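Both of the next two complexes hold subunit A, though its partner changes from subunit B to subunit C.
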Partner chain A sequence: MITRFKLENIFKWIIALTVSFIILFPLYWIFISSITPAGELFQRPIKYIPENPTLSNYIYLIKNTGLYDKIISTFIIITTTLLISTIICVMAAYSFARYDSIGLKIAFLFILFSMLIPNVVTARPLYDFMRKVGLYDTYTGLIILYISRVIPFTVLILRNFVSNIPITIEEAAAIDGADFSQTIFHIILPLMKPAIATVSITNFIMCLNEFFIPLFYANNIQVLSTAITQLPLQDNMYSVPWDLVSSMGWIIILPIIIFVSVFEKQIMEGIMAGGVKA
Partner chain B sequence: MRSNLFLVILLAGLILALVNPGVMAQEYDLTLYSIMTTDQDFDDWLADLEKETGLKVNVIAAPTNSDTRQQKVTTVLSSGDSSIDILEINDEMSSSFKNTGWLEPLQAKVLTDEIIDYFPEGYMEDMITSRSGDIVGVPGYSGYLAFWVDQEKLDKYGFETIDTKEDFIAFAKAASEDGNFGYGGSWERTYVFNEIATFVNLFGGDYFDWTNSANREAIQFMYDMVHKWEVTPIEQIGDKYEQMNQKFIDGKYAMIFMWGTGTEYRNAGRYGEDQIHIAMVPEFETRSIFTDSWSYVLNSASENKEAAYKFLQYVASEQGMLSAWENFDRYPARSDVAKKLPDNEITEMYNRYSEEAVVRGRPMVPQTMEFITQMGTIFQQVMQNQITIDEFLVKAQGFVEEYK
Partner chain C sequence: MFVQKAKSKLWIAWILVLPVLIIRGFTVIYPIFETIRISFYDVRLLRGLNQFVGLQNYFKVFTDPKVLETIEFTLIFVISSMTLHILLGVLLALILNMKFKAKKFLRTIVLIPWAMPMVVIGMAAKWGFNNEYGLVNDFIRRFVPNFELSWLIHSDTARAAVIAMDIWKNLPFFAILILAGLQFIPTELYEAAMVDGATKVQAFFKITLPLIVKNIMVLSIPFTMWRLASFDIVYSMTSGGPGSSTELIAYRITTEVFTNLNLGYGATLAVLLFIVMVVFSTTNLYFINKK
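Then we have the complex of A and B:
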């Protein structure tokens, strides 16, 4: 006789397998498309395992699309963005959480509001501005824009996190003789580590996926995310080279998978810590 | 441990950012915004160009995705950005930009009287000549929306050629059996534009005049192919070229209209005299065919115009056209150069197209993509019996008046 416990387990497995399938099948499909020759991509009936798998698409991309330069540019922009934005956002989040004034409230609302403005609305004026101040197509300009992209989300998450750290901890530190900087660096920052790790990882993925900024505000500096739009056109100039698109897709996805695998523990800790405190 | 690793990665990136000298350390004569940079022979083409012109060219990869590319190019040109000198644009962008003043006239220094007559006159007038008569682009090649047939099916059903409308219908009917269809199309709402316009041309109509009875005949013909003769499937309203080509390769279709020189069929091992091959477009009321191109244009805001003229003179020259043919398989836009190509079935048929068919540029308007989408939408509606052909014609004329 099947017990209730077993039924629950079966149900959980069905849910887990269904969710896994929904998430993993598109990845699998992109992968097999990337190793399927172009002439077999749209065959009917659909082949779920390629008959003639090939790595030629990957070899083509490595040889012809300047991948190495794109990876270096991406690495430079993302790491610098993460480092600077984290420092700025931690300070901002602490201020927004611990101090109370009309000015701060308005500033916080402005930051939140900026999340709601679509990129395309600001594209043209920002394009002119970047050119006029000499930041167009420079690492500095791109890093500033990437930082501005991640700040609202990061500040929002970190502020909520700091708000949930009891003020009594800081008061106890003050009674023990800690000054402001000691309180920040020895008390608050260690407590914020899970949240910082989580937003850093989320921001890393967000930056890696960022498409609009490098497309619009750079020409010579090219990153991985825009590479997917720079694949050779087919003979007829109108068809999309789906085999190459799939291969490039996997090249872009791979760092995210590696990064999340390496830092999985921190991501889970951060999410759970945030969940409990909220 | 992992947190430390994360920190080390961040610091490494920061250090790299600080020591990186930037990517524009080298001096260039001009900057080219090209869609061909990821072609495996692009470097050879560029080497030819730099050797012949003495120019040092900075190359920027343009997005090959059409929407993204158009947004970026529009931003560059409309903002007066001088960081890009030469751009490659397609017919859709030509239609949008040729009257804006963003592109430099080229008839005085590049497309001079000595060479202009070698370019396809109709195409030049329709696509890259502004209202004020300025020619604003150098076509990089000539492509045709060619007629392709499957010889195995021609043999099977006893047809030698498809030369007339009657041949077309008879072959389409004969080849429609066992789940296969005589004619295949790419009727996705933005792609079907080419085929609607092709049939309108074949019937001698005018895409910008839907009161013309020939236009009605063309739409009726396409409708009959689906519903009366059942020689083409309604399901193809979801198909773009990739799906249509795959079905053609798989033997689902017997004939199609398609751009290019058959690379997809070669790659699939289905190209050849006894298999899929290019053919002369049939004559209905007329024997019409569309041509297309990507043109090199000069940004009016360019600060390197002399170098840019030199570049454009090269791509418009015999040497430049031959280099594009050798490296990119691009059929020369200049008729005199095209005649010098080695004979093969493609060059031979392209020559016949230019000599025997009425070669036309596609009917484009300044807001081409919006127009194409609207027309494609109502075409799909009429094919699905959601509206009548009369209603289609009224709506089509409305869109012409709205967008032209």
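Then we have the complex of A and C:
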């Protein structure tokens, strides 16, 4: 019995290591490529321990590609999006959970149904519309589109959460003389904190990964996700400036790895909350 | 639980949902009606054309060899990727559900591909599948010396590579969602089965699978939708090439409307894609609810 248990454990470890290897090894390869001098990338077989590690690719990116501006604009867009979307989605979620009318039910279904419409289907008319109203390539325009992107998921999760808060709590507050805004700010919002945190973490990743919006609705404003596709070809005869792509890739990946390791629990909860209810 | 508030206060409710409705209305609903309208017109900005042509764009789709190739690859991509998602996803979910020491570590690792932008993966894959200096061939050469293959230059291998990268990025996410379903299965069920002398394999097919089948079917809807509308992966990895053999329909649509400026035709493809998605998801939901 003991040997069987041991065998099973070894088997589990082999599987776990294989899965980790498939995921982590390419990331390691991107990393060592990013600190290998450009010339040494053209070698067979690949040297997985770089002989002359260098930060020159990173320095080149910082000096010549406006990396700093891209990080700032990414940051501006994401924080504003999260802030505004949280406020308006909490409002809507509360309304959908607590008020009952046919009109509101249709409005809620309309938001859910709009999830089915992929961005390519609406891309061109939306582009023309953004141009017409002067929102193309502006922070306001991008932020509106990012907010729109996260609305359905956020409203769905938050509405489900509010539905599970017993209404008797609010009734008790009303008996104690609390008015509407007091009920919202002192009772409902504090209770919603964990749900807002999970949704924000998931939305943060969504926004960071968003590629379609900055690609088609902006030109001068560049974010990190689009920046990697527009790196200059140095003295590199191949179609990919791999020296710069790998270092830019790691600039994007590193914060994500840290973020995911720190918030593993919340992310899992967020994903599962969405998945089970979906 | 679902207690209503006084009907007289309904105007407050509408004010609360107004911002969300306005934003979704202008960014999704208005443009989709516009797309539907344009699909009946021949709008070509490069030639200054803008005239009503009825269903002509729709007829053109089924005789356009380029678009038919795109539709072919989109179907291959969606079907093979989803089949692998379901088979390997259940397997990975079972692994993630195992009780052992490195569980948290493994779950964190599995989240990384999901949290990475697809374009970073696509750009890296472009180099990774390079014959001379790529990671994939380097790995194969450790076992098969002198192995040579330019993955992204031949249509079949380019297609396989695109599907492989889609799996690498999205399978972990799919597995985590299946895991959510697995965790609701009470352990007593397995204990009872073991007492009755069932093997682990029997337990899987008789207990686990029937209980998560519905979960898998529900999950397959959004995952199929996302595959149908995938854009980033092909944009960053192959640009639809070689030729147009790895062109997905979403990529074709953006090329028509933003590069060729053939808005009417692009809109037609968009409407057809949308119809396919609506039909697929509603029939699937119908079967799930019937079960």
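Methods note: the second predicted complex is superposed on the first by the 212 of 278 C-alpha atoms of A that agree within 3 Å, B and C clash if a C-alpha of one lies under 4 Å from a C-alpha of the other, contacts with A are read in each partner's own complex, and residues count from 1 in each chain.
Everything that follows uses one rule, which is that contacts are C-beta pairs under 8 Å (C-beta built on N, C-alpha and C of every residue); 3 or more make two chains touch, one makes a residue touch a chain.
Since we're looking at a predicted model, the values are computed, not measured.
By the touch criterion stated above, A:L41 is placed in contact with subunit B and with subunit C alike. When both complexes are overlaid on chain A, the residue A:V240 reaches subunit B and subunit C alike. Of the two partner chains, subunit B is the only one that A:D137 touches; subunit C does not reach it.
When both complexes are overlaid on chain A, the residue A:S261 reaches subunit C alone and has no touch with subunit B.
Touch criterion met: A:P232 reaches subunit B, while subunit C stays clear of it.
In the superposed model, A:A174 makes contact with neither subunit B nor subunit C.
Legend: residue contacts after superposition of the two complexes on their common chain; A:F216 is shown touching both subunit B and subunit C. Once chain A of one complex is fitted onto chain A of the other, the partner contacts of A:L191 are absent, as it touches neither subunit B nor subunit C.
With both complexes superposed, C is the one of subunit B and subunit C in contact with more subunit A residues.
Within the superposed three-chain model, A:L83 lies in touch with subunit B and out of touch with subunit C [touch as defined at top].
Common to the subunit B and subunit C contact sets on subunit A are residues 41-44, 123-124, 127, 215-216, 226, 229, 238-240, 242.
Listed in rising order, the residues of subunit C touching subunit A in the complex are 1-5, 7, 9-10, 12-14, 16-17, 19-21, 23-24, 26-32, 34-35, 38, 92, 95, 98, 100, 102, 104-120, 123-124, 126-128, 130, 132-133, 135, 138, 141-142, 168, 172-173, 176-177, 179-181, 218-219, 222, 225, 228-229, 231-232, 235-236, 250, 253-254, 257-258, 263, 266-267, 270-271, 273-274, 277-278, 281. Interface residues of subunit B facing subunit A in the complex, by the touch rule stated above, are 2-3, 5-6, 9-14, 16-17, 20, 22-24, 31, 33, 35-40, 42, 58, 60-65, 68-69, 71-72, 75, 78-79, 81, 83-84, 90, 143, 191, 240-243, 245-247, 249-250, 258-264, 267-269, 292, 294, 329. Considering their complex, residues 37-44, 60, 63-66, 69, 72-73, 75-80, 82-83, 123-124, 127-128, 131, 136-139, 143, 193, 197, 200, 215-216, 219-222, 226, 229-240, 242, 262-263, 265-266 of subunit A touch subunit B. Chain contact summary for the complex, subunit A toward subunit C: residues 9, 12-13, 15-16, 19-20, 22-27, 29-30, 33, 41-46, 88-89, 91-92, 94-101, 103-104, 107, 110-111, 114, 116-127, 129, 144-145, 147-148, 151-152, 155, 163-164, 166-167, 180, 205, 208-209, 211-212, 215-216, 224-226, 228-229, 238-240, 242, 245-246, 249, 252-253, 256-257, 259-261, 264, 267-268, 271-272, 275-276, 278.
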